[in-house]
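Scroll down for the structure; my scribbles are underneath it.
The first chain written gets the first letter, and so on, giving A, B, C and D; residue counts start at 1 in each chain.
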Amino acid sequence: MLRFILIILFAPLVSGFITRLKNNLRLRRGPSIFQPYYNLAKYFRKDEVVSQETSWIFRITPYLVFTATASAVFFTTSPGSLITLIFLFSFARFFLVLAGLDAASSFGGMGSSREMFISSFIEPVLFLSVAALWLSTNSMIASALAATALFLAALAETSRIPVDNQETHLELTMVHEAMLLEYSGRSLAILELAAQVKQLIFLMIIAGLIFNNLALLPVIAVLVALVELSLAKMRLFRVVDYIAFAGVLAVFSVVMSIVGAII
Amino acid sequence: MLIRALGWITTIIYLIIIPLLFFFGSLDALSLYFALVILVVALAAALYSNEYIAADFESGLISKPKALAYYLLFNLFIVSMLVVVVVDNLGVMWAAIEMTTLISAFLVGFYNNKGAVEAAWKYIIICSAGIILALIGTILFSYALLGTAQVDANLIKVAFIFILVGYGTKAGLAPMHTWLPDAHSQAVSPASALLSGVLLKTSIYAIIRYSILVNSFLGPDFTGRLLMLFGLFSLAVAAGFILVQKDIKRLLAYSSIEHIGIIALGLGLGTPLSIYGALFHVFNHAAAKSLLFFGAGNIVKKYHTHDFAKIKGVLRTLPFTGTMILVGILALVGLPPFSIFFSEMIILLAAVLKGSYVVASLYLFFIVLIFAGIIYHFSQILFGPKPDNLIVTKEPASSKLAFLFLLGFICLLGVAMPGPFNRLLLSAVSLIRGM
Amino acid sequence: MGWFLFDPLSLFFIVLILLISFPAFIYSLGYLKGHHTRFKNILTQLAMAAFVLSMILVVSVRQVFVFLIMWELMSLLSYFLILSDKDSPKSVEAGTIYLVMTHAGTAFLIMAFFLMYKVTGSFDFLVIKQALAGLPGHTKDMLFILLLIGFGTKAGIVPLHIWLPYAHPAAPSHISCLMSGVMIKTAIYGLLRFVFFMLGINALWWGGLVLGLAVVTCLVGVIYALIEQDIKTLLAYSSVENIGIILLGVGASMFLVKAGLPVLAVLALSAALYHLINHAVFKGLLFLGAGSIYRATGTRNIEKLGGLIKTMPWTALFFLIGAMAISALPPLNGFVSEWLTLVALFGGVLGLSSGFLKLFFCFCAAALALTGGLAAACFVKAFGIACLAKPRSQQAAAAKEVHWTMNFGAGFLALLTIALGLGAVWVFKLLAKIAGYTTGLDASAMNFSPGLFTLQPVGNISLSPVWLALLLLVIMGVVFILLNLVLGRSKVTTVPTWDCGYYKLTARNEYTATGFSKPFRLVLSFFLLPYQRSEKIKESFYHVKSFVYETNTKQVFNEYLYAPLVNFTFNLGRLAKNIQQGSVHIYLSYIFVALFLLLIFMGRF
Amino acid sequence: MELLLLLGILALAYAMVSAKRMSALIAGFKFQSGLLFVLTGLEGLYVVAAIVLLLKVILIPFFLFRILKQIKVDEQVGFVVNPMLSLLAGLFLTYLSFIFARNLFSGGELGLIIALAVSFAVMGMGAFIMIFRLKALTQIIGLLVIENGIFLLASTLTGGLPLIVEMAVFLDVFVSVIILGIFVYRINALFTGIDVDQLKGLRG
């Protein structure tokens, strides 16, 4: 129970750290680490503006998404429970996409369609890397491959640069942001928090389960920042090759873990 | 008025004859069975033609003497068929079959238009040529039998081939079936029901008679393999034609060829089960096919065309006939509740039990192909909206009676086989097997 | 009387049939109200009752021949139900394709049954079961292939599935709910009864073949469902996909039984059975929802719907629950059965010895995951485009809530999805017993759920749907209360959606179903072979008056497998046609040539 | 003596196969039946011979000639195969029937085999006329020629079928000729001319 509260509180710090790191690497001062906390606080105080076309789904989605992502925290302990975690994330995504469509604007629709497109191809990669983890072999190569596959999948899931740009509001490029476009005030805050928690969960899985010591968390965060800096956002239909690459890595990790098990 | 009276008289006559049949001492099971089949279909046809001919006469299509001639021909036709089945001398049987051809020629050419006369001419010429071959066979057969003590197997084989080709023409087996679609599509509807329902069976009866004799000398496999060959070939030809058929009555004619092929296949297999199935199929097919020809007759009378493309929404314009045809079609293609499904399955089961898998799978393949063809064609005409220029008229009661009478047989035999009918079949089978 | 056999397998299916036909019947009361004349309604109701009865008989009868008759009767009755509105040529064509395909499938069954009769000498299930034990291997393989094709046609396994997207949408909705929910399952019953129960698994490749077919069926079904516009065809394709998932479970258990892993085999089969009943429930719910939408708006094309959540709140809610269940979202039943199937496959990966088999099971698990993802996308599209945002057509705007009986039927099934989701542990115990009975392994020893609420089938993987639901509710409650208490009720102002500030948003600005599935169409173009044409109608060089965009995809199986086959048979028919040239002379020569040939080859007969 | 008659019948058959005009064909049939009458007379079957005389020599040819006059069709027989080829075909058919008769009745003595061969040859040529002539009337005559051949076969092989069968066969032949005649009139009325090739309406 304590771990749950800690993660919720600690999550914005991680994303603040990553944005700060990105700016420093570009030799700019950038906002402080606690900037996400300030944003959340501001949103919580603001009033909400809701489009008239939306239905009750639009109002309930923020709570559902946050609940699903938050409850996923309880399932990051053993590789076995990762399957439920993936399903919980698909629950969150399902409602977020619906909310995107509900606002009757083409941006929301575009974001939802792209989100569904990317995530449905990512799922097999996630499951394969979970399978590799689950085979729980001792061979280093298998867990390394599984880690990279999971890392690539994490980038796609948490809408990081190579797949989707978090900060932009340019309608042609944004995927995750497009669905949150219509939200404001308190619901936007919850959704932002949910996204940050999801990101932290992924980092914890990679650090905790594969290399089983949490100290590696900041190292992976740095890695994320580095990737964000070095790569540019891919065209949407090139993302399939990106996913295919991650998929091949996952398959290799499974093969290696099987071979590892036999040798 | 006279015509209707004549119609009812013929119906009543046949109604009386059927029970009388059972008191005929001299008939053996096979003849009794075929006579029963003939009379059942005759009764239905008489019932149906009563209304059909009266309507034709009122609409001025045929003159008064022609209508009277119809009834004369109708009765002569049935009498000659009964003679074929009843008589025990092979020569006289041949003459009776020849007589049936000659009489039914007029029924085929009844409407005296180009198509009818052409069909009638082809019918007589081809059937006479075929029958003459059968005569040669009969003569060779009689020589082989009454000749020297030791029977020459080779001669009997030749004789049986002549018989099979001869009577096969009359029965509509594959290569010699060419007259059948023309004759059945041009004939008067009740006549074409009789033609395909019963006439083909009489020549099957003749073939059975001869195969009993031949089997007693040479054993069943010679005739069996020949019959199976012809059966499968008829199935193949019928399947081919049914798929691309445009004319409703021709399609029914080809389906008769298919069912005759099935019966020949059943007989050819030779096991008691398959012969039982074949004989059972004789009755089922007779009932189902005449039902469908009556239905087709009503459709053609209403739509004035045989072409599938022009007939639409039969269920809307002719509600009663439409449902009857729908049920008849489902029976014809062999769907469970109806009796044809059981007879086809009995024959298939016999084929599988006998171990001839190739024959069984070919047989099943052709049945499915024909199933697809018939369902495709008839669903085009049965369903769909009512064409606007047709008005829905109330259909006469007596023709409805004919439909229900036949339908009763198909459904009844499907569900429960009455005792005496079953015993009749079993004794006929034992007769054929020469037990 | 020796006609019926009520063993656990049959009882399970009878319960399933009754469970779905009860709400379907209530639904039909409302659905048929204004639809046709009174007489026709009674006729349809009677036909439906007969249809349900024939299904019950199919699953409970004991004689093979009677099974065959009931099987054909079931197809015949559903044929009539498909043709309930006779006027549209489309439903007539659908009926014909359906009847012909099922009959062709049944032909294989007939061959298999008669072969069984030849070998065992009796039609009774149990007698055959004993007698089949001693059968040589290759006859068993032969029987298996025939049974698989026969039942596969009815279940809708991929190469034989083309009748399903035609037949199910043509039938009235409560009938297609029954057909999709239950009739396809009788084919699975057939497979279980004849292959598992009577024939016994004879070789490893059986399981492998079923798994392979299942993977293909899953993916093809979901891909076609994804790009479909007509809501009922979409549901029909998704039935194909779910049959694939069920067969994944069945195939895996076939494989594991032969590979000597009884616990996993029972797990896999009970996961398949679980998904079977789940699919019956939520597919029935979705079809009833689609039926209500069709009754209210008169159209089935999602492109023309929209905003139904406001005009038809209850139908939209139940449709949402159905969509959530089918996309395997956690608390509901779809999630539990998909989770179980995944765990069974992963268990297989762990349990199996040879590396290649492990990889094959992993590949199947990945395929299942991909299907799950695509199914979620498909049903998000279906629900989102149909029910949310602004109505795209006049009919959608004028839609009114349907008769209460229709919603009662849908509501009953919605409650069922939740109940089956939460009560997973007890349901699974029951199914494990049934699976044990079918595969012949005694499942009593296997303990799948230590606690009262948790399922722990294999190793350290465990799931407790009840705790999960509780967790979700608690967190939701806490967050809601926390926010409202601490920050007070937030002031909400409703304004039109942001329209970049210069003109009012209309329904045409919304995202369409075609647009939503465009990424998938492009990525999967190797399979869908999309055709695309766009045309600008210009007023002048600079101003475009209107823009025409047309796209469709090719049905690969129809185009390249069935169309050539049908054309070939018809050409063959045409070839045979010129036997009948018309001239008497040719006909006469046929007779004499036949005679001549026979005389020459007389020796061989 | 029989041998001479058999050769006569065979010769007439050749004449008919290569006949150009209709009336020659009918006359050929008439004489052939005559010879047949003599043959059966010799065999001692007087009753049957009388019927043959009455029917086949007098009645049927008279009926056929009447039809010929009434429908006033040109005398052409409507060749599909020119006369020379038909004759060759006739010879080939005779050769075939000899082979057939020899290995079918390997036991019987020479006279019987020759008679059989001749009857099969006549039957073959009757069939040839039916198949390879266009006019309807020629088909009737073809039929009758085959019937002659059968009658020859019956009388030589089994010394005549039982009377009842013989009578039935004759009755049939006569009735079929009458009915065929009626249909020839109908065809002539409907199709203006008795050319069977026009009868191609019903196809497929």
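One rule holds in what follows: a residue touches a chain if its C-beta (ideal position, glycine included) is under 8 Å from a C-beta of that chain, and two chains touch if they have at least 3 such contacts.
Since the structure is predicted, the reported quantities are computational estimates derived from the model, not experimental observations.
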Discussion item. Quick check for the class: compute each chain's Cα centroid; which one is farthest from the centroid of chain D?
Written reply: A
Practice prompt. Identify the chain whose mean C-alpha position lies nearest to the mean of all protein C-alpha atoms shown.
Written response: C
Discussion item. So the centre of each chain is just the mean of its C-alpha atoms; given that, what is the distance between chain A and chain D in Å?
Written reply: 99
Fill in: Between chain D and chain B, distance of the C-alpha-averaged centres to the nearest whole Å
32
Worksheet, complete the sentence: Taking each chain's centre as the mean of its CA atoms, chain C sits from chain D at a distance in Å of 71
Worksheet entry | Numbers and ranges of chain C residues touching at least 2 other chains | 577, 580, 584, 588, 599
Discussion item. Could you pull out the residues of chain D that touch at least 2 other chains?
Written reply: 127, 130, 139, 196, 199, 201-202, 204
Practice prompt. Indicate the residues of chain A shared as contacts by at least two other chains.
Written response: none
Worksheet item: What are all the chain pairs that meet the touch criterion?
Response: A-C, B-C, B-D, C-D
Worksheet entry | In the complex with chain C, residue positions of chain D that touch it | 80, 100, 127, 130-132, 139, 196-197, 199-204
Worksheet item: In the complex formed with chain D, which residues of chain C make contact?
Response: 577-578, 580-585, 588-589, 592, 599
Discussion item. Give the list of chain C residues in touch with chain A in this complex.
Written reply: 307, 309-310, 320, 324, 327-330, 335, 338-339, 342-343, 346, 349-350, 355, 358-359, 362, 365-367, 369-370, 372-374, 376-377, 380-381, 383-385, 387-390, 459-463, 468, 471-472, 475-476, 479-480, 483, 487, 490-499, 505, 507, 509-511, 515-520, 522-523
Practice prompt. State the interface residues of chain A toward chain C in the complex, per the touch definition above.
Written response: 44-45, 47-53, 55-57, 63-64, 66-68, 70-71, 74, 78, 80-81, 83-84, 87-88, 90-91, 93-94, 97-98, 101-106, 108-110, 112-114, 116-117, 119-124, 126-128, 131, 134-135, 181-182, 185-186, 190, 236-237, 240, 251, 254-255, 258-259, 262
Practice prompt. Please give the residue numbers of chain B that touch chain D in the complex, ascending.
Written response: 89, 91-92, 94-96, 98-99, 102, 105-106, 109, 112-115, 117-122, 124-125, 128-129, 132, 135-136, 139-140, 142-143, 146, 148, 152, 154-155, 158, 181-182, 185-186, 241, 244-246, 250
